[in-house]
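Quick notes on the structure that follows.
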């Protein structure tokens, strides 16, 4: 899907900033990596380790940070954050197909919808729903009573928002995501579980992206809170009353258990799992596959992974894990014995 | 969403049991924790560690177990299981909005439906489906041919039930759950996989809750079986021919592989994973993030987690894991040497 | 759901091959295991460890490999791959109910559809979509603009295919799967994340099965590629630009991070997790619950699991993990000391 026409470099700079060196009339119609870009494409250098590729790229132009501007004779856009600039050029060259404003006749809508909104096939909107300007609901989305969705938000197909949840502005929600399902709250009575009705909401800030088939539970009494600028990948589970700070990013398959609070700018690698009622301070980074079962009060990176081995090696070493406390005791015994021997010798 | 009106304490006791001390005419309209509750709210003491909060709570009334009834002068409901009582008070004060009985004109229904059922927008019901009394299907649910859904069950939006599956009474199924998808069964033939058609069903008991985007596969030949009172959180995967005993609870992101049998009253923490063809006896409890790859014949709690560390610490210790069998051998060698030295000295 | 009528053994052999010994007129109407099969059922012996059961099975007939053909007097079909043969007999005896060809009036279809296709209730098909012969779309599927779906593919309810993705022939996609959602790509700018538009596609080969609620992200620039004959279980996450070789199989809850390449015939156990930008060569097998964070250049099985223990034992041994580097140092010190003592004695 190459961009149809293309833009002159000086047009790009006039829209996105940065400074231009070389021929501003060069037209680029698509982006590419330094290694793969060809004629008509613009590449970028975001990391010094790819610096060599500047010499051999076939790209028509490049985006570079100031310190590498002298490394190439190609027409170039100079910007201190070449990667973020690249992200904006991708958007410029590949405008997403917008869906037509208006309500498709197959949609069932029980609330007022602004004329700038695009309500797709078979969408269902409940009562007392507030839909912002330019909101796009792809086919099959189901919006419960009393929901509010901020301006310029876009929901891909089959997203479900339960009653009374609040979605901020410029949200991007991928297909199959579920927002506002009941939290997992039960009281034990004999051997049975008695359901605790979940009467809180999910409240989501502005500029949040939520991945495909991700689920976010509503709060038990208070609300589950997702801050501004949070980015959640696919297949994530956010339990009731979790509070996520601004600009947190979580990779796929992460799970956050109930009432845990995650500070600003934290990142959680794929399949990371945080147990309930914890607090992670700002700027905590959790490695992929790591289980966190205690609060983390200091910024930094944390890890809990058994190292990968060929299966037979693993068998040998894993067997010793079960004897590790005993092994430590044996080493202590040896140390004592040796100390005594040294004394007596 | 505070409850509209409120209830007198003596009304609550007359409906839910327990005994009353203090002014029964006090009206409460919502619940809260001891720490957060204010006027018009009823709090509860479920665990002795919060006993101090009884002295300072601003709640209008409290639910307490008998042994702590003397700790407060507030109007109080006394019940041995204050937490389960609280769960019922939440339900009483926050009746869920019921959807209107009848079939929405946008639904496509190929079976008879009782007049007490509520069939939402764009629901699709196949042939030979049996829908019980007072069943509620939210918009977008798709019910395959020959399915049976018991009385008083409620399915949130976009739930899919495949053909011939059986759902018990009072089921509560959150949005996006899939019941009865094909089990993952293939026979190897050269480098190809030949599909084994999955002709069993999923059979679910009464009083089961199933979380958002959870999936339960149908059996290969026999059925996948979910017992009474089982509670499954979001993003869970139950493979074909799994058998889950009554009153089991599983937190989010759990996976149970094929043909595994889980006893009554087991609990599985978030992201716990049980491999296939195992048996867990009754009252086994699996910690969050734990992988179970052998049968467990004794009740108790089981764990398999690498402890969390700051990443640099983890690097140092994880490096030693790969030398652990060798380390154990070195300790054995030291013990032998020392023993010989003691003999000869 | 027993098969209605049944087939003579000689009919089965004439359709599926293999050789027949004993009475070919015996009619079987369903399959079963050696232990559970009864009259009218055909069982199979796929593994020598079940050989004893050949003597006591109540099955009407059996499928056996040549080396065990003499172990039973029952009518028998002899085939070198009894398990794959059994898979085909299951399919023969249990033909899946086919849905009627044609477009249900409740579907909203913006493209041409061949008359052999079955388009179910409330399906939405965008513009410029190519639907192959005999394609079946169950209710609620949503197919984006420019998608192509190969002949004989079947999508269960509520599957979402984003714009321009390509699905091969004979695909089988379980309910709630999402194909082509945006990859998780952002550039950091200050504390904010700038979205990188994801303009690649997902391209899926022939004979692929995709599980319930599984998600596969579209590529950033290039495409995410799924080879021929790949089998993906439920709740799997495939990130952008992943390349999966032919005949790979992944069990439930697996996650593959961005740009990772997986060779042919690899298998990944349940909840296995592969981090990004790695390469796994052909015939690599990853154990359940294993995290892979480096490329694997040699075929074989790999594992990274903390061994399961009773929780109290685990506490004791896990505590030592945090002192493991120190323990190794202490053992080295002991070795040196002992060496010195031996020298001096």
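Letters A, B and C mark the chains in the order given here, with residues in each chain numbered from 1 onward.
Here, a residue touches a chain if its C-beta (ideal position, glycine included) is under 8 Å from a C-beta of that chain, and two chains touch if they have at least 3 such contacts.
Since the structure is predicted, the reported quantities are computational estimates derived from the model, not experimental observations.
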item	value
For subunit A placed onto subunit B, the superposition rotation in degrees, Cα atoms, nearest 5	120
Copy pair subunit B, subunit C: interface residue numbering same or different (half cut)	different
Inter-centroid spacing, subunit C versus subunit B (mean Cα positions, whole Å)	26
Subunit A: positions in contact with at least two other chains	106, 122, 140, 158, 176, 213, 235, 253, 271, 305-307, 309, 319, 321, 323-324, 327, 331, 334, 338, 341
Residue ranges of subunit C touching subunit A (in the complex, touch as defined)	106, 108, 122, 124, 140, 142, 144-145, 158, 160, 162-164, 176, 178, 181-182, 184-189, 191-197, 199, 201, 213-215, 217, 221-222, 235, 237, 239, 253, 255, 257, 271, 273, 275, 287, 290-294, 300-307, 309, 313, 316-317, 319-321, 323-324, 327, 330-331, 334, 337-338, 341
Of subunit A, residues touching subunit C in the complex	1, 31-33, 36, 81, 83-84, 86-88, 90-91, 94, 96-97, 104, 106, 120-122, 138-140, 156-158, 172, 174-176, 207, 209, 211-213, 229, 231, 233-235, 246-247, 249, 251-253, 264-265, 269-271, 288-289, 305-311, 314-315, 318-319, 321-325, 327-328, 331, 334-335, 338, 341-342, 345
